[in-house]
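Before anything else, here is the set of structures, which you'll find just below.
Next come two complexes, and both contain chain A; in the first it sits with chain B, in the second with chain C.
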Partner chain A sequence: MRYKRGNKQANLPLSTSELIAKPISKQLQENIDDLHRLLERCTDAVFKEFTFGPNRENKGLVIFFDGLVDKTQIEVHLLKSLMLELNMRNDDSFPWPKDEVFKLVYESIVSSAEVKTLDNLQDLCHSISSGDTVLLIDGYNTALVAGTRSWQTRSIQSPENEVVVRGPREAFTETLRFNTALLRRRLKSANFKIENFVLGRITKTDVVLCYIDGIAAEGLVTEVKQRLGKIDIDGILDTGYLEEFLEDNHYTIFSQMEYTEKPDRVCGHLLEGQVCIMVDGSPIALIAPTSFPRFWIASEDYYERYVVGSLFRIMRFVAFLISLLLPSLFVAAITYHQEMIPPPLYITIAATREGIPFPAFVEALLLELTFELLREAGIRLPRAIGPAISIVGALIIGDAAVKAGLVSTPMVVVVAFTGIASFIIPSYNGGIVVRIARFGFLISAGFLGLFGIMIALLIMLIHMSNLNSFGLPYLSPIAPFDLGEMSDIIVRRPWFLNTMRPQMKGMKNADRQAKRNSNDK
Partner chain B sequence: MMRINNLQLYCLLILATAPLSYLITPAVITHLAGNTNWLAVLAALIPGALLIYVYIYILKKSIHPFPAILEDCLGKIIGKILGFVYILVFLMATAITLRIFTSFIGSSIVPDTPLSVYIGLMLLTGYYALRTGLENIARISQVLVLIGMPASFLILLLVMGQHHEVGNLLPLLQTSFMDFGLATYEGFIILGNMITVLTLAYFSTNREKTPRTLFNVLFTYIALTALSAFTITIHLGEDFANLQAFPTFKLIRSITIADFIQNIDAAFIALWIIGIFGAIMVLWFMTCYVTQHVFALKDYRFLAAPTSVIIGILTLKMGSNIEEEGILLASIFPVIYGIFYVFVPLVIFLILLFKPAPAQGVATGLKTPSA
Partner chain C sequence: MQTGKPSAIQMINKWKRLCLVLLLLFSLFFTTGCWNKIEVNNTVEAEGLVFDLEGDQPSFSVQLAQASGPDQSGSSQSTKPVNISGTGRTFTEAARKVMVSLPRLPLWAHAGVTLIGEDLANQDMGRVADFIGRNRHVRKTSLLFITKGVSGKECLEAEVPMEAYSLPGLRKLIRIQENQLGIYMPITIDQFLEGLAIPGLQPAVPQVTIQEIEGKKVLKLDGTAVFKDRKMVGSLDETESQGYRFLSPTMVTGGLIIIPSPLDNVTDSKKVVSIELTRSQATVSPEIEENKLKNMKIHIEAEGNFYEQTFEGDILDRETINKMNVLIGEQIKQAITASITKAQLLDSDIFGWGRSIYRKNPDLWSQIEDDWADIFPGVKTEITVNFEIRRTYLLDKSFEFKE
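Moving on, here comes the complex of A and B:
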């Protein structure tokens, strides 16, 4: 009975998962059957069977996905070489090695720049899904892969979210190889390493880890690799997926990795010993480790003269405080601590608030919510009308609300000023944190005034100082305090004094530039 | 192993000593020494330095942190009992610090809110900090001191820029020696909170520099307290200052900048909230750490929850009004501090004088263990 059942099972066709794990067969027809089964209902899969060699006695198959390849390359480097040029050389001066056809094709006939071999169907499917073309030859259980990737892509454009006045204007695109090329163009060193990972059971997304060997700490690189290796998910569609897997603390609003769409910014970070992670299909690069004070830094700071860069940084720090605390301080002052406000100013505020039906706290909360809604709507709306709608919306709603006596003018000014200040924070994820935290502060101020704000600040401080980004304390170099590094956080240290990289645990080479001779000018 | 650097150690010790003295000590000292209050604080430099010497000697001769030192010197039973008493002392110190603060907030800032709300919120925040461990507490303390210390001095300088009467300083030394001595003692005794160094030094990454850190704390404390006392005298005058429960607060209320910015006492309160929070955090850590050692527990962090309840109740029950709290602070706590922060360490110091030094290569409070 058992024997019978076993026999019956042996005759059953293999399931897709079993089939894909199969090695490539020496019989071309068997491979074709397997691939047809694997790729059934994949209408973009192209199978091109052909014969080549003397008397056309060798059979071959070229397989690729339409739309992912450059067909000209397939025609010129594969099909033309095999089907035409080879047949034209059918004479005695070119002996046909019947037993080593594959070797001959691999070494002498296929003229693609990027050629490799593989021996199982899983790799084969991954290769053609990535835009490569696979050549199978009858009688050989090895496939030849030619790099023919080419698809419609967005060209390299200027960054949308990190606009600069001075400095490079290139931004990453959705094509990973373009992005790595943008980095390689700037870091012309053999020490610049790009390690590849394939993540996502279904998406098989290419993920790269970039770092500069000799600068980045070995421990950091190993740790990132380990964390990447632990990810087992069906799909990775953006760096955002990875961020949540890689970060140290998941239950926080604070982003523990920086992200950017600017290659020059990535290079700057790599030169400081950090690592960068990029995902195929995403124009955003993740940078690790990072700390919260670094969210105030814009790449432009380093392109401007240090005095200007420093002033911008100080302004950004002030903007950060305004963005975080201004509405809550205003609510606390007019609700609980009126004596703090100079009498003439308080009289003006009180006069405008006369007849307002809401307490200051509710008024601020409503206005903040409206502002956030308008901002979000402005982003999601079609680009042609988005800014217009948000500006018109802000003007009309703000004006109407004041005229209707729902909100007071000073509150509108405070919320608008806060909104403007929040746009000064160069990092989007840093800005989001401030936007969220602002509501917490507002609620604390509404209930307990200045005491509430201080308690909220303390809770935020405790939480932040407890965070780490790949071992780097999240508040460094403020806590633990490092005066040397602080001089390049609050202000921008001049390049001629920027002799050391930011200190990171395990960093191999902290020297940034040669020591200057005191006589040098 | 938890690790803190010497700057963090400095910040922790500053938080244990300076915030309370900034508000309370000048008032108490002015009451005793009148216009020579600032001299009394400066005189506290001498006993302060001697106390630091005692602590340094204990650290030099001890291979275990406080409270294990007690068992090493006094025997297991007495050491354990004394350790238990220290738990109560630290609990009380935390509670009185919190009580004074909440009374001040409740009476001067937002009088309609029940004290329990302030106490509850401070304890909740402190609990959160304590749960994250000493390393994080040290990082927090750094931020608090980095903000608080310059701001405290700035406020005092702003006050000095206001109308003042230098003649208030004269005549000098009209106070009796008794009062001057008592004022000096009041100025000095808060430094007893530096006893925490007997524990914290063992977590330092560079124990050899602990003495320098201690003296830095002493000088900062003296500078801050003496300057507050001095400013109170020249700005408010002895008589008016003696009428105030919190003369430092009155000082800050008088700041006016460009006839527009005024009544910035709220800024002072903000500063004081973070300072007192820091002080509570350090003292509460000591409570939990000593409890862990006395009862041979594996960790101290879980003790944050039960001790928070005890501290909360103690804070509510300690002194029914600000007058009683004043008596507690001016009369009772100086005695308790004197016994447990000065006398007991002095006894240990004397015992250690006759004990052989630890063997070469053994890590002590002033010798970092080799990696």
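Moving on, here comes the complex of A and C:
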């Protein structure tokens, strides 16, 4: 607002916001003036004015942002064609229609593969910001856009967070087109739809919604589209922005969408009727809907043989319980329910706790906090200092604290074991929930023992059963219980028995094998 | 205005309610009060409980495990138990009197062994029954022992070889003994209290005595105390204890049986055969005729392995094995008869025959229940044993010495 007023005081004919809504003028000079005003202080904007045609009577302007375009393409497909090759063919066999220069240029001179037209400044600015090159010709109120996008990108690399032993090793990058190409390469079907949205008033970020038509429930797709359409924000920098706009329940620690950086995992989810949302500039794809039990499914389960996959899954489930409950169970047992501990073990624990100044609960809380601290520090620290922190952490906590008699060794073992177990949860956002909830359990165990743990568990389960993700109950298929789907949650169902997709509301095509639906090619 | 005002009040109420709930939840942390919250540092693990009579005063002793400090925790140094006792008018008072000299709370729940002094057992077990049955800190699976010839407190001074704490050592001792030797049967507090409470069943409890080995006092299992109602009336010796074990209604596993040589030409009493018992199951059923107890039919179904022979001669052929089976059966029968004779002599139905009559014919039992003490000594028995030798271990023939 302030800038707007400032502009008015400068007595300019149109403010920038009004200017941008302007259609392209027939007068090239007017367009040039407008664009110069719009793009003033944008030092990376390149204006190239030139003349072409017989007797150099036509004036043209090429405009693009330096760094976003492939200059060779501009030179070859636009400038060279117009300025050089046109002159070379300037003979009788090639009449020059003075009235339809633009049509001629559009149809037979510009040799770019991707050419379109537009007629207002707003689209023009969006196009050049996206890396396209715009050609304006004097006397025409239409601009020609040539696709020349090319910028320095990170090449496709192996995933950093979702490491696999067996299975594809490609990961998404920051460029949306590469990402959709990675998906399209795996889903060679016309039913695989990629719908485009532009979100962010300033960033004008491309957001795509991917799904397989005929598998994903129509209601789900419309709902996601509707929610996407309601977003009005200045900028979208990562899928994380969208997650909070799209999720059903905001006041919860449980994330109701999965995310991944692996295209194969996205395809797996799409084939199960889920939808995927990707954002230009983010290598992370959002997957919706999801339910809590799905967080301990790793894509690798499906690549490894079913026996191995099933065992890993059971182990992961146990590890989930350990990382959620072990410290609280330990604290509850040694402060309230000593009779639960076998006598020899109790002597050992008592011996190590002899002379420890803190109550067990405080000790556990301190160690857990320290562990979280180290973990977070390990992520944020510059790579060169990373090892140093782990050495300091291990030395201070593992050794010095015990030697100084500040913490007892069994507690260190419990916390370390819990830490290891928490890393086994394949999805990071599923793991964070466990990390947060663990403290809740610890506190309730410290004050109320096993009774407290039970209460906390009940509260957590009641809360979770209240959640849903795009209509999918958050605890499904545990609650509401579905035996058929449970067989692919607790264990991994063998592929030869995996004839049905996970059922979701409104899904039409549930068969994976044998009974072929015409939509599912 | 009028529509806005109530909603504002509602808003305030909503906030008030939320704050109240949060406050209540928060105060929960401090109101726990938890009389059962206790830090490990303020506790000490009780290894065993001992009940005695000092004169006529109940006396309670407890064996405590000394938890070594963190600097010693690495090495497994032998830690000495701490024994503390107290006396009082009741066992509860005696047990709490321990606190005059102990700054920590003993966790009785860890005590796997409960030792009862012979004096107390001879006088009246009813004095301690309520304490061990009612107190939630006394573990009901704790094994019960009665001292023999010594007081419980004296037993605390004795040790069990290889074990840091004598009373838990006793627990291991009786378990391994039962498996390897098969003489004494452990009994838990639960089972003992059952024996005190259920008509037609009397408890029998293994006994412990002190033996001097190279100047050291060592605990040793010796005999089984037989109770009649609330008093200990006598004691079974080894053979009788073995017989008592064979008559246990549950399957017994493990044990050793020695039989004389099955060969006719070898009659030397030193030439014997060892048989390892693998399992034995007794079925005891009362035979009732014309509403009268005729006899108790006892059948033992047992099997075991040939373990050792101490003489020359091939005895591992089918015929001799069958002969041995019969000999073993007789050996078992002898032990059983000995225990029955002793029990009938002491007039204590430790086998629970009264209960099996009740189960088979409740009407008959209600008639004879009051006279059971008179009837039991005269009950006739019919014992059959079926024993099978199954394996002969590494040698399939008798050892053949070179000429």
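We adopt the following convention: the second predicted complex is superposed on the first by the 494 of 521 C-alpha atoms of A that agree within 3 Å, B and C clash if a C-alpha of one lies under 4 Å from a C-alpha of the other, contacts with A are read in each partner's own complex, and residues count from 1 in each chain.
One rule holds in what follows: a contact is a pair of C-beta atoms (placed from the backbone, for glycine too) under 8 Å apart; a residue touches a chain by one contact, two chains touch by 3 or more.
Owing to the predicted nature of the structure, the values given are computational and were not obtained by experimental measurement.
Once the two complexes are overlaid on the shared chain, A:Ile459 sits against chain B while remaining clear of chain C. Contacts of A:Tyr336 after superposition: both chain B and chain C are touched.
When the two structures are aligned on the shared chain, A:Gly405 is found in touch with chain C, with no touch to chain B. Look at A:Gly449: by the touch rule set out above, it reaches both chain B and chain C. Look at A:Ala360: by the touch rule set out above, it reaches chain C but stays clear of chain B.
When the two structures are aligned on the shared chain, A:Leu14 is found in touch with neither chain B nor chain C. Look at A:Ile396: by the touch rule set out above, it reaches neither chain B nor chain C. When the two complexes are overlaid on their common chain A, residue A:Tyr346 makes contact with chain C while staying clear of chain B.
Across the two superposed structures, the residue set of chain A contacted by chain B and also by chain C is 336, 339, 448-449.
Residues 334-336, 338-339, 343, 346-356, 359-360, 402, 405, 408-409, 443, 447-449 of chain A are the ones touching chain C in the complex. Contact residues on chain A toward chain B in their complex (touch as defined above): 333, 336-337, 339-340, 342, 448-451, 453-455, 457-459, 461-463, 465-466, 473, 475, 478-481. Of all residues in chain B, only 5, 7-8, 105, 109-110, 113, 117-118, 121-122, 125, 128-129, 132, 136, 139-140, 142-144, 146, 260-266, 269-270, 273-274, 277 touch chain A in the complex they form. Remark: chain C residues 28-29, 32, 34, 36-41, 43-45, 47, 65, 67-70, 72-73, 107, 109-110, 112, 137, 139, 168 touch chain A in the complex.
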